[in-house]
Every structure is written in structure tokens, then in C-alpha cells.
Amino acid sequence: MNVEIFVTDKAGLQKFYEAIIARNETWAPVEKFGKFDFKRVSSLGECDPDSPIATTRSAKPLFFPRSAKIMKYTADSTGTRVKETDEDPFTAKRVILGMKHCDARSLQVLDKVYNWDYIDNDYQKRRQNTVVISTRCDKAETHCFCTSLDYDVENLDAMDVLIVNGTEGKVHITARTEKGDAFLKENLDPASCILHPVSDEELKKQYQAFAASFRLKMNYKEINEKLSKIFDSPEFEDVSANCISCNTCAFVCPTCHCFKISDERVKDTGVRYKSYDSCNNGYFTLMAGGHNPRPVKYRRWRQRALHKFVYYKERFGENLCVGCGKCAVSCPVNISIFEVVNQVASNEVV
Amino acid sequence: MKKVTYFPGCSAHGTSEEFDMTVKMVMKSLDVQMEEIPDWNCCGATSAHSLSETLAYALPLRNLVLAEKLDNATMAIPCASCYQRLKVTKVHMDDNPELARKINSTVIDEGTYKGKVAVKSMLQYCYEDIGLEAIKSKVTKSLAGMKLACYYGCLLTRPKNITHFDSPEYPMSMDHIVEALGAKATEFDYKTECCGASFSISDTEVVINLSSQILEMARESGAHAIVVACPLCQSNLDMRQPDIEKHTGKKINLPIFYFTQLMALAFGMSQKDMMFNKHIVPVEGALANIGKIEPEPEKVKKPRKAVEAESEVE
Amino acid sequence: MARVGVFVCFCGANIADFVDVPKVVEEAKRIREVKFAIDYKYMCSDPGQQQIRDAITQYRLTSIVVAACSPRMHEKTFRKALSDAGMNPYLLEVANIREHSSWVHQKDKKAATEKASDLVRMAVAKSIANEQLHEISVPVTKRALVIGGGIAGIQAALDIADARIPVVLVEKSPSIGGKMAQLDETFPTLDCSQCILTPKMVDVASHPYIELIPYAEVLELEGFVGNYKAKIRKKASYVNFKTCTGCGTCWQKCPVKVPNEYNMGIDKRKAIYTPFPQAVPNKPVIDAAHCTMLTKGKCGICAKVCEKGSIDYKMQDEIIEREIGAVVVATGYDLWDPKPYEEYGVGRFKDIITSLEFERMVSANGPTNGVPVRPSDGKVPKNVVFIKCIGSRDEAKGIEYCSKICCMYTTKHTILLHHKVHDSHAYVFYMDIRAAGKGYEEFVKKAQVDTAATYLRGRVSKIYKKGDKLIVRGEDAQIGQVVEVVADLVVLATAVIPPKDNPDLARLLGVSYDKYGYMSEAHPKLRPVETAKAGIFLAGCTQAPKDIPDTVAQASACAAKVCGIFSGDTMKKDPMISTVNNEYCTGCQNCVKVCPYGAIVTEEVPMGHGSKEMRTVAKINEGVCQGCGSCVAVCRSMAISLAGFTDLQIINEIVSI
Amino acid sequence: MDYTKQIQEIASKLFAEGKIDVFVGYRLTGFDENQVPVLIRDQKDVSQLVFNDRSVFNLVNYLKYEHTRNKRVGLVVKGCDSRSLNLLLTESQVKRDKLYVVGIACEGVVDEQGNKMQNCMECVFPDAIVADEMLGTPHEVRKYKVNADIDELASKGLVDRRVYFEEVFENCIRCNACRHSCPLCYCAKCCIDQETATLYNGANTTSGAFHALMTWSLHLAGRCVDCRNCEKACPSHLPLHLLHKWNERVIYENFQEHLAGVHEGDRGAFYKYSMQDPDDFIM
Amino acid sequence: MEAVANNQLVSIEKPEIVAPPNWEPVIIGILCNWCSYAGSDLTGTSRIQYPPNIRIIRVPCSSRVDPWFLIKSLQTTADGVLVSGCHPGDCHYISGNYYARRRFLVTKKLLNFVGFHEDRIQFSWVSAAEGPKFAKVVAKVTEDIKKLGPLHLYKKENFEK
């Protein structure tokens, strides 16, 4: 496939960003309390979308908010009625700047589960109304290992628009999807660019040099195979010993998508919320009546590791982990999932 | 060598010159170096605390602040009144840092009050810091034969929660000191009664009345002289004695000594330096008793004891 | 689904005039859980209650809200109505729309009505979370423990035992009798103290329902009302009481002399002794601190002279355990040491004595054969000065309170002095004469006339010695002058203070005590006999200074309370108490720390179903818990809940306003 | 501050003597200089142990898991950690005779950027209070100082503080990492776990986060030892220490200079009282 | 922020929020059963009038009051909270109010620290005999809260007044 690449310079890119922010509801990595997270921005000064910044949390909250209203109801002696819910603030049209490849990739993974037996309309709406703009990664962080996983790392269709910082101060802007194409037509001033057709192969080639620079590498195939066989390995108990069950990994993970439902009632009106949950949480599998199939930490840990590396793949043909390393960065006790799955898989099944 | 900060107070330069003098002599012989507070000021007694609380605290506080510059742990004050003002100020300042900051701000030019110097009367210093043993060791000319009534006055040990020294009603520290010098302290119940010094000028009658009772009780206790540790006590009891004798028609003739004068005497120093000539009541009669040791009276049959703590075996 | 009935009361015009009652009913009907709502003129009347009873069955109601007066007024009434209709009475909630709305918002009917509706909605929300509660019954052990064998302990023990309830009477010293046994005569009747006390002492010793344990102290008390377990240490007496006949040879022959406590140290007793001739039990004990056989291993005379061979130098302290249901504390009082009165020369002048020393001197069986003498020279005093309020009412040196009995016994002492030394003269320095009591004022008046004692109102400022006399200087406030009295003897009426170890005992029993060390009653007016800990009662001076009649009255009151507890085999208790959910309890024991009643203990439970590993959790003792909820608020893991005031109930109220 | 060798020796000796079943210490992550807590169960693994100024995490936290429950545990504690251990001992969560505590006279630890942690600069008790064996030179007792951040924030106006904290609560995602990383949060049922009951604010809303953080900090008021495990754990990087240090300051100033975990048997300021407690804020 | 007319009430913590016309605050009063609840009953029996904004919740003792009752109240229905118990030394349960006092102080200061006006949470000791005092306390609290305007911090999103 040949794609059109707009080539411009730094000043042109700056203008492009300014135009986006001025015309759209724009989200970008913004520093808060010393770390970066996606925040609504109203001027370019607030953010720096030019270099790909590893945010603490992914862009997941924009599609799967930490807490979303499902419905609102009233209950009195005449009966219970569902009321109109307020407009979901996350379904508005918006643009996300500076999303890393892995984050963008995670949306593709999530799409599978959200389009599976139940179609989550809110999610679909949020996806459709969002334009994702990524800047090409140029540096592997300590915990990055996206290149070792099974999907095509050179797949560049996860984002709608890709921006690549080329040589000699040149900047390449490419639309990767139809949505992206339309977006560029709307927001990019063609006068500031040179149109330059380039083959997809060429783009991918540029990428390979960068991929070679990764320090963390694993043999995904082998690990996937081994993990699927060692459900009963005592090794899980060992590797999870220093985990403190804090849920942080799941909450920062771009692909974790478990949730819980809670009701809050004041007087005669109530709201039903859907909020994040995590399989590391001791209550996660607690059933009415008190039975809990995963009462101890290592079983929950095993569930998380296997779900990431085995189960999702079995069901959807894709690995759930995108290798972004966010969980290892945020882990209060510095546990790395990369290290752990390698360790578990390196032990022979007894 | 010990070092102590010295706050002489105004009377040391006037009525109680002999106190100041003998203190310095005695301390020298006891190997104590006294450092006078540079540029000290009036302690404010008694006019300041009847007029303004701030002034009453600020005057002594300035002295306390200056004293801290000398870097001695303790300051000793011969005058009971000065001692009282400085001690009260110290205790209140240490208890209430907020107040201390406030008062300190009025004399802030001199420095910040830290509360690190202990305030003691000269008597307390001799008794606690120097100690009876050290005093005893310096005695060359025992005062044996002399019977002395120790008079503390109203301020040295009171109020108890300020001074924390000796009994407020029946103190014994000076008694122990004079006994260390070889003299005999008489049982004297009026040792902390008021001598009326505040009315010294304004209502002499009161003074005559109160002081005469003290002198009479001292006489009755068999004392040859009275020992004091306060310039006001001394001047009152000494100066008023002729008036009192005239008023009551009874001869009293009790010289009033500073305890440091007697210490100097017992340490064998020259009588000339002790300025006995400043005394109104002549001292010679009393001093003549030194060396005249009475035979111990035969023991009277022991009266039955009210409480016997120890058990005894028959 | 909850089905709530709401009953709104007019309270005649009390509510209806200021609150739109029909509107309140209408609002209540809009609530989802309310299935029935009605108003009535007087809900508390029988027809009103009948409406509730009828609606319960007719509408299958699961909880009831009555909007009427304060629950402190009629909660019990309506609970009874629920009970009568076969409903658990604790499913009731009362919305206080009278005291909290109609009576306090009389100028604004609209606001009062809105508020009343809110209060009803809150009560409905709370009642939904109400649970069925059942009165708790606690079994009781019918045996009482009396601590202290003074007149208070003796009276309480006798009264309880007379109701055929077994009593364990523990006395610290070798004999019962206490302070009263040291008194010569008692005011205001001048009865001989020994004459009225000793028969009671003998009764105690011979009573079939009283177990007397002298020379012993309570070490531990655990459990709760009706179910205490006491550990008592019986000190070694070195004399076998079973064989000893009390013949007295041993103490006549004993060579060791010790100051006699009974006579305030005025004379001596032996190292083997009975405290006084009429002691009960009248068996000697060996004072281990002074006996040379026990301290140095030399002597052994008493063992040699004892024909019965009752002396056993190897005897050890013995620990006795008793199960009991209630405790009467009657530890009595001590006298304040007047040492801080340095201006009086206390300690220096031998002829200043305390009242109890004087009492012993004038006592017929006292050390001086009933004649007061000067300790310094043994002469009989002529001029005696009595000074009252020594330590009492004196914040600076002593304690703030009035010791209550000093005025009366000083008056008695002037009489006794007058009787014993006819040509004597008494001077009394006093602050006030407090003679409130039957016959007391008359007693004082008569004494003043009979003895011609000089009463001087004012404080003594100084005592000094002149020759062999003491000069007492004080103010006579009535003439506004300083007076000096020449005295042969000065008697100080020292303050009554609690025994030194009262706080220790109070802690051991789990009873609170005040800043002086007196044990605290549950309520100063309405529960003066009980302590805050159920089943522990106070008699006599252990609670506050008292004279003998008051002490005896309080002791009998204790007996009545104890008998009340023991009137059935079980006790009924309000079910609004805390419970622990073992699953959530972490065993941190914060609740144990804050519980004012010691109602929380710990227990071991399995870690999980069938697990062998054990963990510690808190356990509420139903018998002791009073339902304050302190433990609930400090329980971070929310394992404790207080029936009637659960988190859910309170939150339901908050969110439904 | 590097006690790697000493700790390896101690652990090795303890295993050799059969005194412990598990040793809780630190090892390197293998990726960078940061460290992972490690539970050593065998003498052959003690060579993994390290200890230096990157040994940040408060290991007392591990005493609440099944891996150490009812086992004989060897443990490395710094000053702040030992205070939390003291509280756990007081609250009967661990038994002293089952522990072998290696106390550190701590010189302060550093954050990921290598800067000394703020709490270490303000530390009052750098030396382990509870220890069977001490490493390092003991420090003199330091004076309690009010945290500078607290001072700055407290001196701001009400509205400014509200704006600041609104941001905090808005950014909280209620992952409860704070409560799980806190050694003093050992409740089986935690009041801020959303599952306990919807009654207690179940949803991950700002309002729910406000409730959770308030309640949580009040449960730690008078107990928090300022080890900052929670703050390090927070993926949103919320300044959680502000809440704790504020409470600590209020408690220190009002309740007889109370500091948490300093004395054995002291459960914290809310589990005792004094007649002298301030009463002027009550009408 | 829009200019607000002088006579309009704004929330003290969020000045951008303006009180609706005829706004009346809701105050939750948590009273201990033995002193303050009895005292409030006495206010009623004495017919002493006070503002009708307070809604009273009965608890056995001030020590039963968990700080999060106050937090929950402010989050949902209340503009202000009053907690009242027995005077120090008078607690029916001996020492409950001493423990409560400590918690209250810290809770009040903490909420103030994160942006609530300190008058939003108030405490009082009202004995069973202090009917007039209870009325005065309620009047004062009501007046204070009225001055502060409506509370909109961390309100439950479904709560509408």
C-alpha cells in the first residue's frame, strides 16, 4: 500500500498542532504531580506532543473511564424509573496527541473484547469520535519490550495519524486510517507541506533500526507455549511472594478492562456506576455466599499473567500484553512482568 | 576552680557593703571566682511590680539575658529581694515561652533569653554548690561558744514553688552553715517571720512592733547574736534596735551578722575587713563568747516518745 | 423488601397546631418502602396503639415508625405495642416531631412541617435497617464479695448474708473492725463504739453464710456482673488458726516490741499479736517484718510456749479463688499526714498530735488508760487547742474537699477532754461548724455550753514554743484580731483521705476513681451506690468521707442492690450492645483499649473454615457491654457493630434527609 | 550506607542456625539500580540480598501476608519501618519472638532520581527502635519539624487549598495501592475498598476518592510513621504525605507531642486521651 | 468567575457557585442520647425557638460518631454538621467524649486543610439541663452555615437539591 506523506518542518508541525488544539477538543500528555498523564489541553504551551512521552497511565481512561455512569434512577412508592442520564463527557469528538505506539496498539487489542459477545456502545462511540495521533517512538525505556511480542510491531494502523521526526528537521505526517485521512484534510494546511508518496515498506524499514535497540527481548512463542502448560507450577507462589496485591498494575495497564458495578443512592435517586477493578484484588472473585476461588495472592497473580499471555490469545488470537512496561514502572515494589513470565517459563514443568 | 556569676544588687554598694565585701573575701578563700554581670541594672524591687507587670519582668530579664553571656551555669545573688525578682522572672519565663518572647522583645537589644542560667541566693549557693564540707575544711578559728539565731526573713525560701529551696517555714540551711563554723544554732521559731521592712520608711511603728518580736524571740532562744542573709533584714534589725529598746524599755543588744561575716571570721580573716564598725549594735560583746564553751547540761530524763519507728528487742 | 408503617401523632394540639400532620402523612406515603401511613390524635393512647397493632397484621409490616414525641418519652410504650402484636419490639423507630419540630418552630408551620417530613423519612430509612433484637439474659453466681471489714463491710456482709446469700468478706488486717474499732465514743449520742461494734463483729464470725478471710487481699477480679472470678491472697499468718485457741501465751512471751498501729504507735505490741483484745478472729498473727525468727532465724519462743503447736514458721501465702456475682467495696479511709503544715512545727513539737491519737489516748482501752497526756513529758494537759480543717478545704497544702466528720468528732473530743480532765480548757479553731445531721447541731450546742470550750473562728498561722508551752497564734475573725493561745497540747483534726492503694484496687476491679483516689459512683445523685461497672458497689468512705450512720446506710443499700441482682437465676439486659464479626476482626484490640467497662476480651478462632491455624479476635461480653459504641468508632476494619445504631442505620438516616 | 555484606552474613547465619524460615530483604531489579523486595527461604539465595540507600520500600508491609504468617521471619528495618513494626507489635499483628529484626541506623534513602527523600530529611527517628541487631552508627535524637510543604499549603487561602486538593482527588483512580502498600493497613475488610459496601462510596468517582482518602488518612492519623510507601506506590503520584503529615502535625501540636510508633504499647493518638486536650474548638 | 450581585449568596469554598433564591441550608445534628439529645428535648419542652434547618440523629454517645459520618454527611445531604455530646467528665459512658474530642479536632482540621470552611463542622457540649444553650448553639451554627453558602465540594453526583 502506498500512503501519502506530508513533509513539513518543525514550524509547520507547530502550526498543525496549534490548528488541532484550536479546532478540536484535544488531549495530550500533561505533567501533574511530577508524572505525565493525558489531560485536556487548551494551548500548545501546556503539553509537548512532539516527543513520545511515556505516560504513567495509558490513554485507556479516555475510552474506559475510571468510573462511568451507566444509569440514573428514582425509586418511590409509585415505582422505580430510569431517568435520562447526563451526556457522557467521553463521547464527544476529540483528538489525542502524543499517544505512544503501544498505547495506540492497546486500543486495537481492546476493540476485540469490546466487539465480542456484547457490543459496548459507549466504547464504540468513544472510539469512533476519537482521532489518535502518534509520534514515532525513538527510544526504548527501561521496561519496554513491545518488540518481543507476537503482533506485527511494524503495524502502523493502530493510530489514525502518524508523525515521524525525519532527518534534517523534516517532519513526516501520514494518515493511517480513513478517519485520519479526513482529519488531515480538515486540519492540515496543505500549503505548509510537500506531498510525498512513499511506500509502506519504506516506513517500516525506518522502524526496524529502532526496534533493534531494545534491551529486553523474549522468545514470545516459547513463553506462550510453556505458560499454557504450567497452571499448577509452584513457581507462581514464589514469584508472587513480593507482590503486595495493590492493583496498580491493572489500573495503569492499557489493556486491562475488568470492571465492577456499584450503586449509590441518596434520598430517592440513585446512580449506577461502572468502575475499574482488578483481578489482583482479593474481592474480585468473591461470590455471594462467601466462596472465593482465588483467595490467595498467587492464584490471582497466575490469573493475571496467564490472562495476559495465554487466555486472551486463545480466545481472540492476540496477546493481551502490549509490552509497554507501565506496570513495572508504576509497581511500588518494582516487579517486572517481563522478568516474572520469563522466570516462570524458564522452569520445567514437574 | 568554680566560677559563678555575681549580681550584687544596689544595696551591696550602700547599706550592705560589708556583705558584698565579705562575700568576695569568703568566695576567694573558697576558691570560687565571681564574675559580676557587666552593666547590670536595678532588679526593680519593690516599686516595679506594684506598677507594671512588663516592667517588673523586663528589668530582671535584662539581667538574666546579660548573665547568659558569661557562660556560667549559676548566678548567685546576695540580696534576698533581688534574688526574689530574678527567680520569679526566671520561673515565669521558663514556664511561659510566649510571655518570655513578649517580654524579651522589650530588651531584645541585649540578646535572646534562653533560660540556661540557674538563679540562686548566696545562701543557697553556699549551701548547695559549695557545701558544708568545703566550708568546714576552711575553718581555722572555730566559733565554738557562740550561740546564734538564724533569721531568714520572708523572701529567701518563699514561695516554695518559686524558690524550691529549703523549707518555707522552718528552714535549716543557714543553721547548718553556722554549725559548720563551730557555733551553735538556737531553736528559733521566728526565723521566717516578717520584719516589716516594707514599712521601714512609711510606718516605722509596724517595723518596731514586728522586729521587736523577732529580736525578743531570738534573745529568749539564748542567742548571742542573729545571723542573716539579706541586706534588708540586717539593716532593719540592726538600725531599728536602739528605737526598739527605747520603745519597749528592754535591753536587747543583739548584733546582726551576715552569715558571710561569720564565715570570714571563722576562716581566720582580719576583723577589720569585715567592717564591724558599720554595725549600729556593737558586736564585741557577742564575739566575746567565742571560746567560752558551756558544759553540756546533764541529760534530762528522756520524755516518752510519741512514735518509735524502729522495733527494739528487750 | 421492607414494608414500613408510619404513624403520625397529633399529640392533641401539641403537634397538630404547628405541623401540618396530614401533609406529613402524605409525604410519608411517597416513600418507596412505606406501605401504610396514618395520623391519629393520640398515638400513645390505647386506641392509637390498637391502630398500630392492627396495621401490623393487616399490612404485613416489617418495621414501624411512630412520629410523635421524644423517644425518651414513649419508646417503651410503643415497643410494648409492637410486642403485643407479635412483632419484635426493636423494629420500632420514633421520629421526634414534637420536641424537635412542633415545639421549637412554632412561628413557621411550613418549615416545621418540612422538618417533620424529613424526620419521618430519616426514621423510615433507619427502620429499614433495623434488626430483630432479643433481650439478653445472663446467668448469675449467687455469692457476694465484700472487700474491707470495717463497719461498712461488716454491715453489708451481714445484710446480704441475712438474705441467705453467701458472702466472702476479705479484710486486709488480722482483724475486722476497721477504724470504728479504734474509736472511744461516737457522736452525737456518745455511744461506746466498742459496745455497738463488737457484737456485729462476732455476728460476722459466726454467720453461716459469711466466709471471713482476714489478713488477705484481692489480687484479681475478672469476668462481669453475675460471673466474676476473684483471686484472693491470704497472707501467711504463721499461726494455724484451726488449732490455735487464742490463749495469748505466745504474745505474752514474745520479746520483740513493735509500735502498735491500733494505738497509733503510742505504745508497743509484740511481733506476734492480735491487733486489739476484742479482735475477730481472736487469733494472733506473726508480723513477718519484725519477727526475729523470720528475719534472722533467732528466737522461736512462741513456738516453744505454744501448747497446741500452732506456730508454723514455714507457712506460705495462699491463693484462694472464689466465683462470685457481685462485689461490695468498703475499703474505708486513711488520715492525711499533716507534715506540710511546717508553720505549726508538725514533726518538731511532740505535743502536737492528731485527732486519732487523741482518740486512742482518751479511749478506756487506750495506751494511757483513758487519760490524755503530753507526749513530751507525760503530764496531763490543761489547755488543749483543737485545730480543724488540717488538710481539708486547703488547696495549697492538702485537699479541696471538706472531710465532713471533723467538726463533729472535734466537738466530741472537747466533751471527752472535759470528762477526763475536769479542770481543762479546750480552744477550738474552726473555719465553719458543719453539723448537718440528725441531732448534730444540738450536740454541738450542748457541748459548747457544757464544756465552756472557747471557739475561735479563724485559721492558725503559727505555732511556736515558749518554754515547755506551745503558743498557738491565729486569727479570731470575729473580732478581727490576732490571738495567741498558750497550749499544753495541740490536736489536729486531719483530713480524711482514701487509702493509698485505692486507685490500685480500683484499676484491678475496673472501676473509675477521682483525682483524690476515691472510687467513683455511677451517678452522683441517682446511682450513688453503684459504680459504672455493673455488679460492683461502693459502701462507706471508699466513695467519699462519711460518718458512721451514712456509712451503715450506704452499706445496707449495697446489700439491697446485691440482693436485687441475685433475685433471679439470670439477669435481663438491653440488647443494644456491640457484636464482633470474626471474619473481619483483625485482632488489633483497639476496642479492648477504649472500652470503658472492660467488656471486650479476646478469643482464638480458626484462620478459616477447618483451618488448624488460629488467630486472635475480639469478643464482646454481653453481660458487661453497655452499648456506648466507642469500640465501633475505633474499629478500623468495621468488624464491630452496635445493635440499634449500626453504620447502615446511621448512614441511611444521613442520606435520606 | 551499604550494609549488603553484613546483611548477607546475618541472613546466612540465621539460616545456618535454623533460627528463621524466611528472610525479607531487598535485591536488585536487574534492570536498573532500583531494588525489589525479596523473600529468601533458603541459605543458598542470600547472595541476592543487598542494602543501600536505594532500599526504600518498608518491608514491614510483608508481615501481613501468608508468606510470613506464623513463620519465623528475619527482617531488615530502617528507623521509620521500625516504628510501623512497633505499632504492629502493639496491635498484636505480629509476635516479637517470631521475628529477628536487623535494625539500621539509617542515613536516609533516595528516590528514583537519586535525590534524598524528603521524609528522610525530616526524619526524627532514623535509628531502628525495634531491633535484635543494629547496623550503622546511631544518631542523636532529632527534633520534630513541621513539614515545609504543609506549612506552605496551610498558609494559603481556603480556596487555594480547595483547588489544590480538588486536583488531587480528581486524579485518584482508587486503585488502593496506597492502602495495600501501607504496613499499617492490614484489615481484612478495608473501609476504602470499594467492594466492602456500596454504602461507603463504591464508585471510582472524585467524590468516592475524597471519601476514601479522608477516611483512610483518619485511620492512619496518629499511626502513620511517614515511610511514604503509599506515596511511592501511587500511580497517579498524588502527594498523599500531605494528608498524613498534616494530621501528624495537628496531633503533635495538640496531643502532648504525640508521634506514632515511638513507644511500644502506644496505639496512636486516637486510642488514648488526656484531660488537657484542647477543648476551645467545642462550643 | 462571573460577577455576583451583592445580595446573592455564594459558596465560600467555590465562589463560582451561587446559592439559589430562598436557599436554606441543611444541617445534620448528631447528638448523644444522654446529654445533648436530652438537652434538645428540654429545649422543646421549654418551647425555646430555634431555626428549623437542623435534622437530628440520635447516637448513644459522642464516641459512637465515626469521622466518616461527618464526611458522608457533607458529601450527600448536609451543608454543615453539628456534633454534640456530654461535657467533659459527664459522659454517661465514663470516657467516651474524651476519645471523641480527639477525633473531632483532627477531623475538623483535616477537612479544613483540604478546603472546607472550618464552620462546616462544629462541636458542642450540651448537658441535659442546657435547653437554652442547645437553642443558642443551633442558632449560631445555622447562622454560620448561612454565611458560608451552599456546600458543593465532592458532592455525590446524583445529589440534587
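Every chain is named by a letter (A, B, C, D and E) in the order it is written, and numbering of its residues begins at 1.
Just so we're on the same page, contacts are C-beta pairs under 8 Å (C-beta built on N, C-alpha and C of every residue); 3 or more make two chains touch, one makes a residue touch a chain.
None of these values were measured; they are calculated from a predicted model.
J.: Keeping to the contact definition above, tell me which chains border both subunit B and subunit D.
T.: Intersection of subunit B and subunit D contact lists gives C.
J.: Moving only between chains that touch, what is the shortest number of steps from subunit A to subunit C?
T.: So the least number of steps between the two chains is 1.
J.: What chain lies farthest away from subunit E once each centre is taken as the mean of the Cα atoms?
T.: B
J.: Any chance you could check whether C-E or B-C wins on number of contacting C-beta pairs?
T.: If we tally the C-beta pairs in contact for C-E and B-C, the bigger total goes to C-E.
J.: Farthest from subunit C in C-alpha centre terms, which chain would that be?
T.: For subunit C, the chain whose C-alpha mean is farthest off is A.
J.: Roughly how many whole angstrom separate the Cα centroids of subunit A and subunit D?
T.: Centres of subunit A and subunit D (C-alpha means) sit 32 Å apart.
J.: Can you work out the whole-Å distance between the CA centroids of subunit B and subunit E?
T.: The answer is 62 Å.
J.: From the C-alpha centre of subunit A to that of subunit E, how far is it in Å?
T.: Chain centroid spacing, subunit A to subunit E, equals 45 Å.
J.: On subunit C, where are the residues touching two or more other chains?
T.: Those would be 594, 634, 647, 651, 655-657.
J.: Going by the contact rule already set, what residues in subunit D reach two or more other chains?
T.: If we look for residues of subunit D contacting two or more partner chains, we find 191, 201, 205, 270-271.
J.: Provide the list of subunit B residues touching at least two other chains, using ranges where the numbers run on.
T.: none
J.: Quick one: which chain pairs are touching?
T.: In this structure, the chains touch in these pairs: A-C, A-D, A-E, B-C, C-D, C-E, D-E.
J.: In their shared complex, at which residues does subunit E touch subunit A?
T.: 76-77, 156-160
J.: Looking at the complex, which residues from subunit A come into contact with subunit D?
T.: 32-35, 37, 56-57, 61, 66-67, 142-143, 216, 241-242, 244-248, 250-252, 260, 262-264, 271, 273, 275-278, 281, 283, 286, 296-297, 328, 330, 332-336, 339
J.: Spell out the residues on subunit C that touch subunit D in their complex, using ranges where they run on.
T.: These residues of subunit C touch subunit D: 583-590, 593-594, 613, 616, 634, 636-639, 647-648, 651.
J.: Hey, which residues of subunit A end up touching subunit E in the complex?
T.: Checking each residue of subunit A against subunit E gives 69, 72, 264-267, 269-271.
J.: Which positions of subunit C touch subunit E when the two form their complex?
T.: 70-73, 96, 98-101, 103-108, 111-112, 114-115, 118-119, 122, 512, 532, 576, 594, 596, 626-630, 632-634, 642, 644-645, 647, 650-651, 653-657
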